[in-house]
Amino acid sequence: MADLSVNICGIPFKNPIIPASGVFGYGREYEQYYELSRLGGIATKGTTGTKRTGNLPPRVAETPMGMLNSVGLQNPGIDAFIANELPHLLACDTVILANIAGSTAEECAEVAAKLDKTDVHMIELNISCPNVRQGGAAFGTSCTAASQVVAAVRKATSKPLVVKLSPNVTSITEIAKAVAAEGADAVSLINTLLGMRIDLRTRRPILHNNMGGFSGPAIFPVAVRMVWQVANAVDVPVIGMGGVMSGEDAAELMMAGASAVQVGTAIVQDPYAPLRIIDELNDWLDSNHIASAAELTGSVKPW
Amino acid sequence: MADLSVNICGIPFKNPIIPASGVFGYGREYEQYYELSRLGGIATKGTTGTKRTGNLPPRVAETPMGMLNSVGLQNPGIDAFIANELPHLLACDTVILANIAGSTAEECAEVAAKLDKTDVHMIELNISCPNVRQGGAAFGTSCTAASQVVAAVRKATSKPLVVKLSPNVTSITEIAKAVAAEGADAVSLINTLLGMRIDLRTRRPILHNNMGGFSGPAIFPVAVRMVWQVANAVDVPVIGMGGVMSGEDAAELMMAGASAVQVGTAIVQDPYAPLRIIDELNDWLDSNHIASAAELTGSVKPW
Amino acid sequence: MKQDKYTEKLTYSVRSMEQLTAAAWSMVIECPDVAAKAQPGQFVNLLPDGNFTLRRPISICGIDREQGTLRIVFEVRGKGTAALSQLRAGDTVNMLAPLGHGFTLPAKETRAILIGGGIGTPPMLPLAQYFGANAVVISGFRNQDAVILQADFAAAGAKTILCTDDGSAGRFGLVTLPLEEEIAAQKPGLICACGPLPMLRATAAIAKAEEIPCQVSLEERMGCGIGACLVCACRTVDPDGTEQYRHVCKNGPVFNAEEVQW
Amino acid sequence: MKQDKYTEKLTYSVRSMEQLTAAAWSMVIECPDVAAKAQPGQFVNLLPDGNFTLRRPISICGIDREQGTLRIVFEVRGKGTAALSQLRAGDTVNMLAPLGHGFTLPAKETRAILIGGGIGTPPMLPLAQYFGANAVVISGFRNQDAVILQADFAAAGAKTILCTDDGSAGRFGLVTLPLEEEIAAQKPGLICACGPLPMLRATAAIAKAEEIPCQVSLEERMGCGIGACLVCACRTVDPDGTEQYRHVCKNGPVFNAEEVQW
C-alpha cells in the first residue's frame, strides 16, 4: 500500500484523484455508488454570479475515444451553491475545489468574494469562459485578459486559488506565467479543446451550439504535453487533467509534472472510475516499488 | 456511381482523396499495392532547401486512437527531389502537390522557385516548421511570420499555392486570413497537434524529441471544427485533413467546408486506406442519392 | 472488458438475444439487483464493447422480478447499437441501471391509452402488463417490416391497434386518429406515449385539449445518465410559467406532458 | 474486423496458437501468398483488434512453403501483444507481410553462429534450419522460465548452447562467452544476431575484432512498416564514413553490423 497523499498549496489530499468540474455535479448523484470521502477531492460544477440555464440541446456528441459537450455552464448561481450544495459537500471529508466562472472579471471576483467567506478549501477559476468585454474571446486565450481576471479574483479571496487554463492557445506557458505572476497559487489544465461533429444524415452539427468542448482519452497526449510544458515554466503546482482513464494515465500526468490529477470523461462513462483509478495508481506504485505517489510529480527525464 | 471529381484552383482531381504529406513518401512504396493513378492526388513528403537527416529515434508513439511522430522533416533536399522523385511522380497520372518547408522565408521561397520551373501541379507550403529567425516558433503560429513566408513564396512561383496551417494556435482563422491576403490560392488543414507520451517504465518521453506531432482519429473533431471555421473565414478553397479513416469521415470534413480531403495516419495503419475511403465515399453518396462529391463542400447547416 | 472489482459491479450476463426484425433486437439480461428495483419507464445505460466513450440509453421493455431479468428491445441505428446487436446469450454487458424517473401509475383499473411510435413502443409493454384489459395500445410503424411487440401487447390482455405509415400492416396513417376515436369512445384516465417528437407533440396537444393526464417518455443524447453532467437537457415549464432546463436522465425520461416546452 | 475488399487482402486465418511460456506465444498463420515469398529475417506487421492505431512488427520464426504458413513467436509486452495473444485457431488476423530486408545468406555449408537474446531468438530459427549442422545457436534468456525454441533449434540439427542470466538453465551468464569459445574453436563464416541492444553491440564488437561477417536484426518503433513514413530511423554509417538515417522496416531489420552506428 503506497502513500497516496499529496499536498497542494498547503492543503492535504488523501490521494491525488479528483473528479473534474462539470462531470460530478455537486457529488450527490455519486453518493448512491460510494462514499465521497474516498476521493482525493471534488471539483464542483462551474458556478457563476447568477443562475445560468445553459445551451440548447443536443449538448453532447461522441468522437473517436472522446466526447464533445456544450453544457454552457448551466448552474444555479453562487448564492444557491453556497446555500444548498456547499454545506453538504463540506461534510463529505474530502477537499472541495469550488470551480467558478464569469463573463467579466468583476463577476468572477464577486463569486470568489462570496466563497472567501465560506469554509471551501480551494477556488478553481475557470478562465475558458467567454469574456463579454473582450468580444467573447475566452479570458484564457490572451495574457492580458487572463492577468486581469486573476488579479481581480486574487484581491477578492485569500483562499488557495487554482487557475484552470484553456488548451486552445498558441502558447499555454505564456498564459500560465501570466496567471502565476498575478498570484495564482496553482494552475490546473487542460480544459476542453474546441471540437465539432456533424450529423451526416441531417447535415447539422450534432451540438446545437455547433462547436463544443472536446474531452476524453483522445486528448490525453495534448494534456501530457501541456502539463509538462507548464510545469517547466512556472513555480506553482500543477493539477493535471485531460483524458485520464486509468491509474497508469494518472501516473503519466504526474511524471509530466502534475501534483494531482482530475478525472472528467472517465466518470461520465463510469461512475466508479475515480475509485478504480485510485486503486490502479496504488497497484502500479506497489508493483514498481515506489513508496509515495508524490514522488512521481515531475519525475520524467526528458531527452 | 457518383461523380467524385473536384476542382481546386483550376486543377481537376479525379476524386477528393489525397494521401497527406509525410505518410506516403514519394509514393514508390505504395506502387506494390496499387496504381497511384487511382488516387485523387498525392501530397509528397515535406522537402527543404537542402537534405535533412531528421530527428533521433524513437520517432513514433501510439496514443488512444492516434499517434505521435517526430520525423523532423527527413528528406533529401529539393534538388534531389526534383531530379529523382518528381519525374516518376508526374508520370503517375494524378495531381502532385509538392509539400515544402524551410527554416527561413528565403529557404521556402528558394524551394518554391525551383519547383516553379517543373511541371508539378501544386505547391503545398507547410508553415508549421520552426522559424529560426523568430526564435524557433513555427511560422504558422503568428500572423506576421505566416504573412511574411507566404509573401516570399508567392513571389517565387505562379503555381497554385496551398498553405498548410498549424492547429496549435489560438485563432486559426486569423492565420488563414493572413495567408489568403498574401495570395495563397488555397489552405490545407490541419497539420498535427503537439503531443507527448511518457514511457512509465523508463520515465523517458517515448519520442527522443520529447514532444511530437499528434495525428489520427483522435484529432478528427478538432479538424472538423477548424475546417468549418476557416471555410467560413476565407474565400479560397480548403483542403481538409486530420483523422480521416473512412468515407463518412471524408464526407463530414467536406460538409464542414473542405473541397478535398487528405489522409495521413489511416495510411500508416493500412496502405489500402485511400482506396477504401474513395469506395466508401462513393457508396455513401450513392446510398444517399447525391450525384456529386463536390456538392458536399460546405453544405453543413449550422444551428 | 476490463475486470476489476468496480467494473464487475456493472457487469451482467445476457440471458438471451432474439432478432425481431431486420433492425430490431430483443435482449434479456440477468440482473436480479436491477430487476428488483426497476420501474416501468426507467432505462438502462449500456456501454458497448469497443472504443466507445459514451453509454447507450435503452428503455426497459420488460421486468421479471422472479427470473431476476430485464428485457430491452432496441434498433440498430449506429455503431453502438450495432455492437450491442452482436451480443449473444452468455456474453457479458456493462450496464448502469435502473436509471431515471419512470411512469407515475394510477390504479390498475384506470382506462389507459398507451401510444408507441417505432422504437418508442418497447417502454409501453410494462404499462400494458400493468393495466391489462384496461389498456389500449396504439402502435405506429413505418411499415410492416418494422412492426414489433404486437403479440406481447395482446398477451398482456390489452386492446391493440396497429398503424403503419404506408398501410402495409394494420391501419393506414398516424396513431393520432385511433387515439381520437378511442378517446371519443371512452375518455381514458391516462395517456402514455413514447416515440418521435412530432407524435409526442400531437398526442400532448390532444390530451391537453381533452384534459386527460398525459405522460411522455423523451429522448435526448446523454452522457452520465445519472443527472450529474447536465448534457441531456430538455426545456420544461414550471406551473408558474418559468422556463428551465431539466434533465432527461434524472427528471425524466418520463415527464408530464404539460411540463414539457413543446 | 471491417470486411471490405481491401481489408480482405490483409486478412489471414490463424492455423494454430500455442502458449510457450508465461509470456510467449507461438502463432501459425495461413498465408500461402506470403509464405511463398518470405525470407529469413523478414517480419510481419500485425494490426491487433481493438482501438490500435499502429501495427505491431513481429519477426518471422518459420516459413513453411508447402503448408503455406508462417510461424511467429512473440512475447506479451503491452496492450497490442496482449490482444494478439487472445487469438485462437480459426480467428482472423490483419497482417501486412512479408516486410523488410532479411538475412543475406552464404552457402549452407558455411559455419554460422546464430545468437538470440530473449524474444530475439525466433528469427534465428529459419537460419538454423538453413545452416543445419553447420550452425551453432547460442541463446540467452533471463531465466529458465523464459527459455523458448531450444527443441526447435536442436531439431534443425544445430548445436545449441543455452545461457541464462541467473544460471537457472544452461550456462550462467552472457552469450558472448560461448561466442568467443566457439570462434576460438573454429572461426565461423558468419555471425547473425538478434536481441537486446547491448548484446548486439557486444556481438558486433567481437565480430569486428575477429573480422567475421556479422548481420544483426534491429528493432525500432514503427509506423507504416514499408519505408514511407520514416519513423523507424536507425543511425548508420556508409563505407565512406558519412552518417545517415536508414529505416529498420525497409533497409532492415537486418543490417550488416558495420553499417550500424552503435
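Every chain is named by a letter (A, B, C and D) in the order it is written, and numbering of its residues begins at 1.
Please note the rule applied: a contact is a pair of C-beta atoms (placed from the backbone, for glycine too) under 8 Å apart; a residue touches a chain by one contact, two chains touch by 3 or more.
Everything quoted here is computed from the prediction, not taken from an experiment.
Peer 1: Hey, what chains does chain C share as contacts with chain D?
Peer 2: For chain C paired with chain D, there are no chains in contact with each.
Peer 1: Leaving chain B out, group the remaining chains by who still touches whom.
Peer 2: one piece
Peer 1: I'd like to verify one number: the distance from the centre of chain A to the centre of chain B, where each centre is the average of its C-alpha atoms, in whole angstrom.
Peer 2: 33
Peer 1: When the C-alpha atoms of chain A and chain C are each averaged to a single point, how far apart are the two points in Å?
Peer 2: 36
Peer 1: So how far apart, in whole Å, are chain B and chain C when each is placed at the average of its C-alpha atoms?
Peer 2: 46
Peer 1: Send over the residues of chain B in touch with two or more other chains.
Peer 2: Within chain B, residues 56, 61, 63-66, 217 contact more than one other chain.
Peer 1: Can you tell me which residues of chain C touch two or more of the remaining chains?
Peer 2: Correct list: 51.
Peer 1: Line, ring, star, complete or other: which one describes how these chains touch?
Peer 2: ring
Peer 1: Tell me, which pairs of chains are in touch?
Peer 2: A-B, A-C, B-D, C-D
Peer 1: Which residues of chain A touch chain B in their complex?
Peer 2: 56, 61, 63-66, 68, 141-142, 168-171, 193-198, 200, 202-205, 208-211, 214, 217-222, 224-225, 228, 243, 245, 248, 251-252, 255-256, 284, 288, 299-303
Peer 1: Write out the stretch or stretches of chain C touching chain D in their complex.
Peer 2: 50-51
Peer 1: Could you please specify the touching residues of chain A with respect to chain C in the complex?
Peer 2: Residues 22-25, 29-30, 45, 53-67, 69, 71, 74, 206, 216-217, 265, 267-273, 275-276, 279-280 of chain A touch chain C in their complex.
Peer 1: Could you pull out which chain D residues touch chain B in their complex?
Peer 2: Counting only chain D, the residues touching chain B are 4-7, 9-10, 47, 51-55, 96, 220-224, 226-235, 243-245, 250.
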